[in-house]
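Two complexes are shown next, each including subunit A; its partner changes from subunit B in the first to subunit C in the second.
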Partner chain A sequence: MKKGIRPEVWVLVFLILGLTVIVIYPLWQIVSRAFSYNGMLSLESIRQTWGDPLNQLALTRSLTVSGFGTLFSVLLGSLLAWIVTRTDIPHVRLVKTLLITPFLIPPFVGAIAWLQLLGPVGYLNKLLMWMTGSGEPLFIIYGPVGIILVMTFFSYPTVFLIMCAALEKMDATLEEAAFMSAAGKWNVLKDITVPIMAPAIGSAALLVFSHDMANFGIPAILGMPRGYLVLTTKIFQAIQNFGLKNNFNFASALAMELLIMAITALFIQKIYTSKKQYTVVTGKSAHPRTMSMGTWKYILFGFAMVLFICTTLAPITAIVLSSIIKAVGLPPGPANWTFNNYSYVLLRSQTTIRALRNSLFLGVASATITTILGGLISYYSVRSKLRGHQVADFIGSLPYTIPGTVLGLAIILAWSKPIAGVTIYDTIWIILLAYVTNYLTLSIRTTSASFAQIHESLDEAARMSGASWWRTMVDVVIPLVKPGLIASWFLVFMPSFRELTLSILLWSVGNETIGVSVFNLSQGGQPQYASAMGVILIVILFTGNFLTRKLTKGNYGF
Partner chain B sequence: MPYIELRNLTKKYGRVTAVQAFDLDIDESRLVSLLGPSGCGKTTTLRMIAGLIEPTLGEISIRGRILSSDSIFVPPEKRNIGMVFQSYAVWPHMNVFNNIAYPLKVQKKSRGEIKGRMDRVLDLVKLKDCSSRMPHELSGGQQQRVALARALVMEPMVLLLDEPVSNLDAKLREEMCYEIKDLQRRLSMTIIYVTHDQSEAMAMSDVIVVMKEGVVQQIGNPREIYNQPKNRFVADFIGQTNFLPGIVKSGKDGRCCVEVHGIGDMECFCSLQEGTHVTVGIRYMDIELFHSPDSCITVGSATFRGDKTDYILKLGERSIRTTQPADGEYKEGDKVGVKVKYISVFKE
Partner chain C sequence: MKKAVVMLLVVSLFAVILGFTPVRAAGGIVVQITVGSTKAYINSKVVVLDQPPIIENGRTLVPVRFIGEAFGATIGWDPVKKTVSYVLEDKNIVLTIGSITAMVNGVKTTLDVAPKILPTGRTVVPVRFISESIGAKVDWNSTTRMVTVTVAPITGTINYYTSMPEVNITALIEEFKKVQPGIKVNLYRAATGTVLAKLNAEIQGGNVVVDVLSVAEPSTSILLREQGQLLKFTPSGAKNLAEQYKDKDGYFYAFGVTDMVIIYNTQLVKDKPTGYSDMLKPEYKGKVCIGDAASSGAFTHLVGTMLQNGFGWDYFQKLKANGVVVVPGPSDVAQKVATGEVLIGITQDSTAKQMKESGSPVDYIYPAEGTDIKNCNIEILKSTKNKDAAFAWIEFLLSKETQQFILDNKIMTPVVPGMKYPANSIDPSTIKAMKLDDELLATQSADTIQKFSQIFGGA
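Now for the complex of A and B:
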């Protein structure tokens, strides 16, 4: 056997080149478009865009709704986490499961659901109007308040999960020492627990803020119809505005604002988590004890359940109701129920049937491609001692941290022109490319966690027993990583299946996704069909989650 | 021709040299130990022989076949070398039989041959009744036997063992050492054994290679290493040794008279010149005690350990330690005289 450059090096080079093409090149397009005007290098686009008072208003509004959304999510999520981990409320596991159900519902479907409750002709509004005798709806969910509300309801589970994990890992003895020093429950909470949890809270807040800033679905459904625009919806409009010259330059200039904010947030996160002064995760101490709340525990349990009903059960009920109503505006009694809407979307409407098929194809394809690609990248990242592997990992994780609207624009700019005679724009393939680019990092994270658990000596023992690299993969590595691969597949399938933000920018007639279909139906004044599609989507997602849990023995999934 | 030849084997990681110019010839059917503290390069050397690490410089050949050199590198799966890892590396998703039979499966041996070899090797490691069990159902000792059997079943040219018994409890460790040695004799297996435990190395090896920070300190059989340590490090690492300063008073024909600080004049074998400052090594067991009211040496502490008693003796500002039979009658504060049976001398 002659010595040469090891095959690992070639694979790594290929991976990094490939990633550069699908990630760096599109992002570069945004930067270069933002800094051109009429085809030449210029600051004019930025000047016009950033200087336009309407755009500045959109930025302010983005910050406002995201800021308040984050504030309320953090308060709600932290409070709930404390209740679940630190008090002795009954039926803890049930509460925990119920509180994270919003994860399985796409936010834009949630927004549509809330429209059914608190829209101008929403059920709740009708009920309140009837109860108070008022002629006008008391509260309409359109506008900033509605956006903040729905964002909070869909972001608090993230905070909840992060804070639950942080609280459970906290060293019990820190609080116990406070109790021994005669501090009461309230003092322990405010003087010890909260300050120590501060980094976790900060981390969660940053995550939620980035998420909210990048959200398209909720402000699109609850803001656009009333002209309340945020950055993401403004960019969306700029892109659709084909009649305007330099529209892509303006869109890119706006996208730069979002991009800068996303990168700053990422930066702050990295600095924050590398400081680690508050590392209180110790291996040996017992789990923090739960405090006895006496009769308060029932009140707190009730509070959690009321919250669940308000944030999740109510909108789901509303959307289910709307999906079985004969026509908009009719009272929701059983007399007006029908399955007509379902038979329409599932059997008669070509658009929706196509959308279901497309989403299924996109979900399966992107899940499979990212799992294979992500698995390869993880393998080299975890096993290889080459220094370049971290580069591959980093490039791969960029798209996910970038707001979907920005990524969508980048992909349009990069791939709308034919490459070697082949155009993927206006086909389903550009959507697939967008999904793979966006979700690759999910697969990398999941599979590298799996690979890391397999000690290298298991590979080496196979080599010493005479197995080639390929044989080792097939006989030893892959069987052991299987749960991780399955998890990665589902973890990519589910968001791909329900995705809206990218496909709303990249779709064309015949290539609608479920998200696009639901969105169009809602904007087009057909809430009964939108609701039916929404319910179908939710059912499929719940089933997918159930399958994930079953196949990975509860290790993944909610 | 030596069975295994290692020439100038070197491994560098950036500016750090993990193994420096390692030269060794190993004869067939011998058990050679690489012994030293953590980070001394013993495992790196072993992995270079296995083919899991590519050497920076140097050559490895077994039975005349070059496995690694400047222009050649044979991958590990083609070397026919058996290896037992410190963590055993027993595959969790295969039962005992499939774990051990794997090398035969990979080499596409016939069913008959697989059965024959498996029967023999399962007998050898006494795992006949466990062949359908899964690894998580086995104890640590049993898992280790699985790893051993898997390495032996392919009838390798060399067997490499990387700290195979360090994860076992003391009693089991001793047992396994005897069994490995027994296996070696029965199969006439050439074994390279990595360990940080000097008593293990002494018990099992035909040849010991003592290493420190990538550099070979001494190569020899256990008796040579114990009785004639070449430098202070080896004397310190093997056995229990005190170190005292001394000066060579006179020397002739390979014998010297050394004045040992605090003890007096001692004779020893060395070829150093008069006036040389030296470090004198005295084993704990090579000291005899007797009561001596005028002595400047007092007993600092006495610790009874069941089969022996450890003493710390004070010589002015220095202290030395000694191990005595358990029924000694010396107490803290007693004045004692010492009679040293044997010293080693190292130039400073």
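Now for the complex of A and C:
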């Protein structure tokens, strides 16, 4: 036995200290302002905002769209993951790649594309109107239905990815045993697979729910025009009212609602998963076998393809069409096509190439840092017997629940002043810090789903053979959770690369991100330029993904 | 003969006053004057004086109007107190004729020689004192008896936050680089609400990074002034600006004007609208569009102005009953009209003009009830670390050349008089303006936004 403090303790202390600085300090800015009014400690801000019936309505609406959005995403994502990992549908690798492509579309670009498809004068609506001879658009995308639809389309890949990783690592012997006991496919699914997957489903649901509650872009584009406001759009309004005294306090008080809900949801998930035993990666068995679906496999394949067309192909087509139009409002025929928009964006604008470089750096850096940090936190949360091991997980998961706008402001409030002579405000480092703070939870949730399935006996076997903690990690644990770590890296890289809400507040000249670049173009009255940038971005993401798969022989990438 | 001399004097007087442009040139400014000579040089260009410099008590005195306009200062004269004021940006120098006591930004200073009025009627002031007070370098050549006053070229960076469309601002910055290559303008462009939220966060966080600000909502300037965040200054062109374009206390100035117009889709609308009341018509139900007063400064101002001009909140209630679509800002309104998603809406004239010109099926009218003609203000934050660069940027924007550029590129309506309007453009004086009181609007803006959000946020 080695004397002295074990390395685990050092690592845990380091994690908690680090989290305090990265997470607690900015969040404190929000909490302290929520409980202040006119500069003094007071409940007045909370009383005025929580008591306002319009804010209460906004809260109900947030819960409604997020609840349904989560439900549909989880159902869709889990179903698809099961289809891809447990059935014998044809072209399974193609399907898996195609289903994750919504990740490659920036949500801001996507929401606009959906508006172009299904908006009152969208291509699809116009087509339907022409077919049915109706004078009014058949599908109204504004309002809760549209918000839930678009949220589902953008969130299901997260669930899909997490569930795929978990399903692939699951011990097949349990299912094998059930099959050998003459259980039907349906019973195996119902009684074995789903209950074992419960923690993974819980993790994914929690992630999606938090994200949907904190989502601003989609309700802003699809809800605000018709007066359907949710908590995030209400907070946004409060922040912008410059002349209103205490407006930051009101915004913070509303943000507290989101924070409280997130904490509650986290607790529920902890209680639920701690009651049962879920370790199923015991190092003893082979890959799960795929079930034969008979003719159903073609139907399922068709279903996946239709989904791909709806969630990816259609919006991409819409935005490509918009990028080659000469001016807004002209009919999309070839007579009005031009490549001017692309030439402006690629040649005349200085900011776009720089933005691409910045976003690439930010994506890689934030993915790497959060995966390492998140992985460590998950490991401790799941494995360690030390008191307080769950605290790190809990703290790390908080920032994601706060709307990006509020988090961005909290970060400005926390870090705009120089610390020990060093200023990170107005540099690219504050954006990186914001991303790590914001996306840490993605990594924690993804890796904890994987860590939970590895039985302690594997660790113990290594330690009893004399391996140090470090060796155990490197030779035993990490290889087993590798799919989780890789999934986590990509899960963080994608949103970081095309992020908008945080960078719109924290960017400065020379540090623009792609999201900011596209957004500024669309706001300046040049939606064609924004569409052109959007298309270029999508092309880059697809190409990058394709190259990654080619270079790693299909092991990494979507 | 006498008549010819008088004519010459009058002409040269005009030449002195109108002949040169007091803009800080790219390489700084070099002024050369010789005692006893009427020939002076500004950046090597000859200028004829009507009063040569004199020497008294070993100090050189020069005509105040010349040394003022060479650097873009505003000269004032109080005949009762017999004081001359020399105001350049944020420097206020007051001299009293015959007195060796002067005031520089309120601080008493003693001179070596008093300013005086010569028999020719011209006022002369000590050149070294004035020059060094404005930060210029003074050199004296005792052989040629020439005084050289040098203002170094300005360098550095300024952070400029604005809600103006990026394309327009980028074009202006490119022009600015030609005039002031040593100054870098870092642009942060976002919607008014976002810019203000960021500014607010910087103020509360204790580190204000922005140097110069211009957003679409003029009462923001007033709010900032009341909070004590702004720097008081006087650009050289200030005296030519009409009263409505400058702050009474000198904390901000308009460098352009935008009008809110009614834009409509030319393919789908048969009867051209005439005013705000048209937006309530049943045939436009669900097809009317305005911007959100909470996030768009342009609409905060429009709603506030309409309230001051006989439109009550019931107009907006009726608008809501008519199914109005609320979008983030003027550009979004214009886009929705262009695509036909809505038929009619309110937007900024510059956006409507630029869209119409690029081929979108839109046109616009000025509302019969009155147009919201809105100043686009620019101001300097007190905490700025590069005052001179900030002054240079604003001098540039207010210069005749830039104002003409702004007009020619349909960015805004210029505020400086004497612009050349294109042949078929509307004479601005024919547009009926709604009366507005920006000071009053400022005090009410928070409530306006709240009320607006209540009406349009609870569907």
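In the analysis below, the second predicted complex is superposed on the first by the 321 of 558 C-alpha atoms of A that agree within 3 Å, B and C clash if a C-alpha of one lies under 4 Å from a C-alpha of the other, contacts with A are read in each partner's own complex, and residues count from 1 in each chain.
Assume a contact is a pair of C-beta atoms (placed from the backbone, for glycine too) under 8 Å apart; a residue touches a chain by one contact, two chains touch by 3 or more.
Values in this document were obtained by computation on a predicted structure and should not be read as measured data.
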First (subunit B), second (subunit C), both or neither touched by A:P418: second
Touching partner for A:G466 - first (subunit B), second (subunit C), both, neither: first
Partner chain in contact with A:F242 - subunit B first, subunit C second, else both or neither: second
First (subunit B), second (subunit C), both or neither touched by A:G119: second
Partner chain(s) touched by A:G333 [first = subunit B, second = subunit C, both, neither]: neither
Which of subunit B and subunit C A:G51 touches, first, second, both or neither: neither
Subunit C versus subunit B, contacts on subunit A by residue: C
Which of subunit B and subunit C A:G294 touches, first, second, both or neither: neither
Which superposed partner A:H455 touches (first subunit B, second subunit C, both, neither): first
Which superposed partner A:K234 touches (first subunit B, second subunit C, both, neither): second
Footprint overlap on subunit A, where subunit B in one structure and subunit C in the other make contact: none
Subunit C - residues contacting subunit A, complex: 159, 165-168, 186-194, 196-202, 204-207, 209, 219-220, 223, 265, 292, 294-295, 320, 325-329, 331, 334-335, 337-341, 351, 354-355, 358-362, 442, 445-446, 449-450, 453-454, 456-459
Complex interface listing, subunit B residues touching subunit A: 50-52, 71-78, 80-83, 85-87, 89-93, 102-103, 106-107, 147, 150-151, 154
Contact footprint of subunit B on subunit A as seen in their complex: 1-3, 455, 457-458, 460-468, 471, 475-476, 479-480
Footprint of subunit C on subunit A - complex, ascending: 54, 57-58, 119-121, 220, 224-229, 234, 236-237, 239-245, 247-248, 326-330, 405, 409, 412-418, 423, 425-426, 504-505, 507-510, 520-521, 523-527
